[in-house]
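I have placed the structure first, in the form of structure tokens, so that the comments after it can refer back to it.
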Amino acid sequence: MNETRNIGDTLLKVDNISLSFGGVKAITGVSLEIREREICAIIGPNGAGKTSMLNVINGFYHPQEGTITFGGEVRKQMRPHLAAAGGIARTFQNVALFTGMSTLDNIMTGRNLKMKKNFLWQALNIGPARKEELEHREFVEHIIDFLEIEAIRKTPVGRLPYGLQKRVELGRALAAEPKLLLLDEPMAGMNVEEKEDMCRFILDTNDEFGTTIGLIEHDMGVVMDLSDHVVVLDHGEKIADGVPDVVRADQNVIDAYLGVAHD
Amino acid sequence: MSEDGNMLLSVKNIEVVYDHVILVLKGVSLEVPEGGIVALLGANGAGKSTTLKSISNLLRAERGDVTKGTIEYMGEQVDSLTPNALVSKGVIQVMEGRHCFEHLTVEENLLTGSYTRKDGRAAVQKDLDMVYSYFPRLVDRQASLAGYISGGEQQMVAIGRALMAKPKLILLDEPSMGLAPQLVEEIFEIVHRLNKDEGVSFLLAEQNTSVALRYASYGYILENGRIVMDGDADKLASNEDVKEFYLGVAGGERKSFRDVKHYRRRKRWLA
Amino acid sequence: LSSTAEAAAEQFFPMIIYRTGAYAVGGIPLANGYGDYLKLLNARDGGINGVKIKFEECETQYSTKVGVECYEKLKGKGDVGPTVFNPNSTGITYAIIPKASVDKVPVHSMGYGRTAAGDGRVFPWAFTFPTSYWSQAAAFINYIGEREGGKNNLKGKKIAFIYHNSGYGKEPLPTFNKLAKKYGYDFKALAVDHPGQEQKAAWLQVRRYKPDYVFLTGWGVMNQVAIKEAAAIRFPMDHFIGNWWSGAEPDVLPAGKTAIGYIAATFNQPGAGTQAHADIVKHVYGGDAAAAKKGQIGQVLYNRGIINAIYDTEAVRTAMGKYGNKAMSGEQVRWGLENLNLTEARLGELGVKGFMGPISVSCKDHEGGGKVMFQQWSGTEWKIVKGWTDTMQDVIRPMIEEAAAAYAKENKITPRAC
Amino acid sequence: MLYRESGQYKTSYTDDQAIFPLKQDRWLMAIALVIAFVVIPLTSSEYMLEAVIIPFLIFALAAIGLNLLAGYCGQISLGTGGFMAVGGYTAYKLTTSLPDMNMIIVFLLSGVAAAFVGIMFGIPSLRIKGFYLAVATLAAQFFLQWLFNKVEWFYNYNPSGTITAPPREMFGFVVTGPHATAEARYMITLVVVAVLALVAKNLTRGHIGRSWMAIRDMDIAAEIIGIRPLHAKLSAFAISSFYCGVAGSLFVFTWLGSVETEAFNINLSFQVLFMVIIGGLGSILGSFIGAAFITAVPILLTNAPQFFGFNLPIDLQKHFEVMIFGVLIIFFVIVEPHGLARLWQITKEKLRLWPFPY
Amino acid sequence: MFRQNGSFAKTMEVLNAIFVLPFVDMFTEPVFFAEVVVGGLLTGVMYSLVALGFVLIFKASGVFNFAQGAMVLFAALTLVGLMEKGVPVWLALIIAAGVMVIVAVVIEKLVLRPLVNQPDIILFMATIGITFFLEGFGETVWGSDIHRLDVGIPDATFEIGGMLLNEFDIWAAAIGAAMVAFLALFFRYTVIGRALRAVADDHQAALSVGIPLKTIWIVVWSVAGFVGLVAGIMWGTKSGVQFSLSLIALKALPVLILGGFTSIPGAIVGGLIIGVGEKVAEIYWGPLIGGAIENWFAYMLALAFLLFRPQGLFGEKIIERV
């Protein structure tokens, strides 16, 4: 199905990463590659180390071993905000929105990296600062339109139902115009209709902006339908890596994770 | 469900307001029969969690208030009981979003669930072993602080913790959230088993409609703070609207999520 | 008609006091003494020369901010404005002296506050008489000099100074430093932070320094803790001397027997033996001695309140001598304060002979060259051990004038000629 | 429906981003400004100005400062008194050594000095959080108070360590020192506070404000989406301390006139914190409401019994006052944990729905 | 060249004064140094007594109880007030403890219950309200005067190896140690201990598993009130019972953060470190910069520890996860 898709070179290369916390080994010697413009799913049973892997990629956890190559740059560890500046954005498994702020402001924080006007202009709210603010506001309004959350633009996100919060979180990540977008269970706690919406947003993002996407999800329907390639982790180790159809049929994967073969 | 003598829980026409101004439930009534598994379905923000919290009386902690209606458990009005009194009476809620005690270890978390029990250490230990057998993953994590374990593991802890209270009625809020597919089935198997073997009743708010309706005996559909449909689970499962909007099957075929995109998009353009 | 209105006008005494908060222990008897004396004049004499006295308390909790608010509130009251402000706190004194000179109300900080205000040329509206912290420090040196058989014997002696770490506590430092040069004693200053419940570090240092004398400038709980600590390191009590805010009953009582022998400066006699005291019991408490005792009559700070009231009311009387027997305005009272001359004879008439010293204030000298006494705690009462002690005005006065001149310069004040 | 927004459409993002998007709010603000600039100076008694209104303004400014830090950036600080002292003493040193410097510049430079000190003491916030940080900021409070008490240079070596605002003029009016009228001091305070409040509002609405709030709400997520904690936290400390510093200089120059270090003690820090919490964390309006509450309530309580003709002994009255004050704090915190500003907002929401309850 | 030498000498002199002389001083007068250290330890225990009350409540409910100082004052005032009315010591002690239980019940009902699940800072603010109320109430009932408190703890000075010690301080240390031991055991070996920690983590979740917040809070606040009473007795004996007693809290705060908000042994170890640290600093380094550095030094010391362990020495780890 991806003949028509324009998948490029390797964008992110995770090489032989190991991460442990005291005695707990969260990741052991995992390598994986995500290529430009593809959708890569990471799946695996609970506690397999999926979230930890995302944390390693965007610099929140520092692996004991291994290296990461992103956009041609090799690194062992870095501060999260540097990863963000390099073009990695993400959403979180436990929604991590700024609960005291409105939807609009939350998404605007995603633009923070791109806003540079110094604070004297800010303080007076004239001239360049104002202009800049409006430009970014316009961009953010596009995202709001895109995600169909116009109605909650001014609502404090703490009051939103879970599903909408996930959508706002996606908006915040998109606002940074990332090269690589990491999504941690974006569809947990949603019903089918909402999942369909979410899938649509992910696919459109991938299509229209060419954003590379790393996706963790437990809904096999979603994973199999959306992803170009699937990495399976179990107990911190990689047990399979390939196109969905191959992975789905892998006996190891069925034993460790799926329980039954999924169609 | 008809007016019936052996209802374990009946919620009558409740209205809930948050923060004095935000009206969320607009007259919700539902019933859970003794030994039943009842599913509460509905879109995001419909008010499922709010309904459960008003039953378990955890609402007040979020500055919400039941302004109208009554809630009866075993024929007795329970609106004014404290949550812990309700737990002692056998009603326990597994909250959405896990709410584990971060600074307690996994085992300590589980043990907090037995706080209201008076039947001795041995019985508690037995149930602890049972929980571990349900969730072997937790055995490895026994001594980890709950704040550090993975999302799915936390979900197991939250459910296990509720089981430790030996309840008669469990209010399960999105039990399948964040769990691997295999485990989702297992959880519902556990629900089924507890229901059959020990007569525990369940009221579950669940987004995974297909599984929920498979295990439940009765279902309510909540939209925008109102019950819009209810009926036996199998009836609901065969209802066309439910199929379309909650089960994601149209005309008997599951749509691919990739195709959904185009279909949706067209719809948007038309609108 | 106007004359009856004027005759009915009352003399208004604003009282900035503190009966609550960390320093209430000292504030209560002070306020009681001052108030009781005013009540006495009303009850016994019908006021001052027939002009009724009115007073109003304003509670500060010893806070400068609240004190300023009190000042603002009270300065507009009274038929002809307030008589005189007694800020009862060094901080408040500093804050209101500048304001008072604009509002034309005198400020009397009796023996405390801005020492430089002793120079009436720069501070026409502020008075510190009968004495000041600088004079007190000088008196202390005089006193111990005498005990050592002459000030020259102070050479090589060691003096430790334990002070409340605030503007108030620091006041005597310039004097001690200056006199150290002159008399060659060794001097060590040790600060204790508010409120002063914990002074172990200071006393450990005292223990090591092994001073011959310790001088204490404390307030509130700091005093009694200091006395207990001194006892705990077995420092001889009669070589431990407090200033006049560190030598009242509440300071020594909690230390019990260990406080016996402790000495403190004062400018009033202890005890309730004067005619004025008897009159207060009779006219204010209706003869109920027990009630008067509850009102702390005869205690050191109560008596100081009385003295304060005597100064102020006598200043009003002095002013009336010039302006006639009616309610005096602030400006008139200021004149009265500046021309106050309390002779032994007058003190006798007031029924307080021997209770306080005679004094005369002048345009130039707002401190009154005040002498100081020293009293000792016997375990049950205070006894004067050293009567009026000289305060080395030859050294102190130039210091005061220098400080006043600096203030004048900074605030662009042209000193008046006296 | 007195207070409604329907019918007020915004046709551009500029309109939507105005400080007061609603017409009613703009009117209220205009009325408030007229009252502040015209009615109060013409009608208030000196006592009102000196004892209530000027301190209210100064505290409001300090509260805005702390609110930027605690309410917007989530870093609770108990060093406010210390930072205000930096402002007060800097202003004193500046005007006594450079008597001709314009007072507005003096005030602003005091703020700048405080900002530098604020940054110094803000550095630990990069590692320490929550109540640990709150208590740790007391180090700033105690250290600064000690410093200004100990180092004589700060108070020009005068023997008592008290600083006194010297007389200074602006536009031909005496604005500080004993001869400055209450009106003059009120006006200069008002101008400074009004302008800085506006600036604060602008800052909080822009990307700086958003980065603070992001740090407050979830610092890890904020860092992961690219907000630098170092920048956000230290800028919050700097700007917050700037406000506190200016407030401190006004505290000395347009209000008390003469203070010793004790005036900047820990109670001051707490007082400002109360204002921020009672008024509403994360609300500029709340800072004003909180400051009004904390300055006015004790004065009202002190004067109330007399007003109603009771004559309680003054100590008893004070005790009651303290008790009632405590009860009021608890009461309002329970009624609306998000502060009086939120209460006001809810009232507005109710008005909007009125006559329907929801 | 000459000038440079001069400033070099000056720098050396300063460095010498800071880094060498104080230590030389300590070595040359070891007995005095020992006395300073012992004095610091004993003072530290007194701080711990106050800090302990904070820890209890924080550990059990996540509330930073600013009113602890006021509770110390209130408890001591009640005790001394009763004793002045002629009530025998033992009875007064029992009644005062009873009063603290009543205070706990009232606080739970009127303050804590309506504020379940609110942010920490809001609860903190509410406890400040309690502080005002208790201070005002205590003084209304018992007056603002200073009260002498003597419950019969001996108070004589004695000398050991050139060191001057006070019996009272020794008693205070013993009582402090006993209380810490008792409370630490209590938390470790009772069911309630675990429940308390659960409550501190998440009020709502604790409610959901059936932990009775009401009972827990009453118990904990009562115990904290009792600890406050003990602290009040010790400090009150030392400095008389009066308003400033509530300011003791400020000396307990650095102890609290250094030891960790949630650790009972932390309160005692923190107290000892702060006690010794501030005394040694004041005596050996204080004179270099004018003295009276104890107050801020205690906070700076705590701060220095926090930079290495942001949760204090024994505090619960601060969990950071996404």
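In this document, chain identifiers A, B, C, D and E correspond to the written order of the chains, with residue numbering beginning at 1 in each.
Rule of thumb we're sticking to: a contact is a pair of C-beta atoms (placed from the backbone, for glycine too) under 8 Å apart; a residue touches a chain by one contact, two chains touch by 3 or more.
Quick caveat: nothing in here was measured; it's all calculated off a predicted structure.
Undergrad: Return the chains shared as contacts by subunit B and subunit E, ordered by label.
TA: For subunit B paired with subunit E, the chains in contact with each are A, D, in label order.
Undergrad: Would you kindly count the fewest steps from subunit C to subunit D, each step being a jump to a chain that touches the current one?
TA: The fewest steps needed to get from subunit C to subunit D is 1.
Undergrad: Tally the contacting C-beta pairs at the D-E interface and at the B-D interface, and name the larger one.
TA: Here the pair linked by more C-beta pairs in contact is D-E.
Undergrad: Centre to centre, using CA atoms, which chain is the farthest one from subunit A?
TA: Taking each chain's C-alpha mean as its centre, the farthest from subunit A is C.
Undergrad: So what's the Cα centroid distance for subunit A and subunit E, whole Å?
TA: Spacing between the chain centres: roughly 47 Å.
Undergrad: What whole-Å value do you get for the distance between subunit C and subunit E if each is reduced to the mean of its CA atoms?
TA: About 36 Å, centre to centre.
Undergrad: If you average the CA atoms of subunit A and of subunit C, how far apart do the two points sit, in angstrom?
TA: Computed from C-alpha means, the inter-chain centre distance equals 74 Å.
Undergrad: When the C-alpha atoms of subunit A and subunit B are each averaged to a single point, how far apart are the two points in Å?
TA: One centre to the other, that is 28 Å.
Undergrad: Considering subunit A alone, which of its residues make contact with at least two other chains?
TA: Answer for subunit A, listing residues that touch two or more other chains: 51, 60, 92-94, 96.
Undergrad: Two-or-more-chain contact residues of subunit C, please, as numbers and ranges.
TA: 19-20, 24, 28, 165
Undergrad: For subunit D, what residues touch not just one other chain but two or more?
TA: 220-221, 224, 315, 318-319, 322
Undergrad: Could you list each pair of chains that touch, in label order?
TA: Going through each pair of chains, those in contact are A-B, A-D, A-E, B-D, B-E, C-D, C-E, D-E.
Undergrad: So in the complex, the part of subunit E that touches subunit A is made up of which residues?
TA: Going by the criterion above, the answer is residues 322.
Undergrad: Give every residue of subunit D touching subunit B within the complex, in rising order.
TA: The contact residues of subunit D facing subunit B are 346, 349-350, 353, 358.
Undergrad: Give the list of subunit E residues in touch with subunit C in this complex.
TA: 29, 32, 35-36, 39-40, 43, 139, 144-146, 148, 157, 164, 166, 235, 238-240, 242-245, 247-248, 251, 278-279, 282-283, 286, 290-292, 294-295
Undergrad: What residues of subunit B sit close enough to touch subunit D in their complex?
TA: On the subunit B side, the touching residues are 17, 19-23.
Undergrad: Would you pull the subunit E residues touching subunit B in the complex into a rising list?
TA: Of all residues in subunit E, those touching subunit B are 116-117, 191, 194-195, 197-198, 200-214, 316-317, 319, 321.
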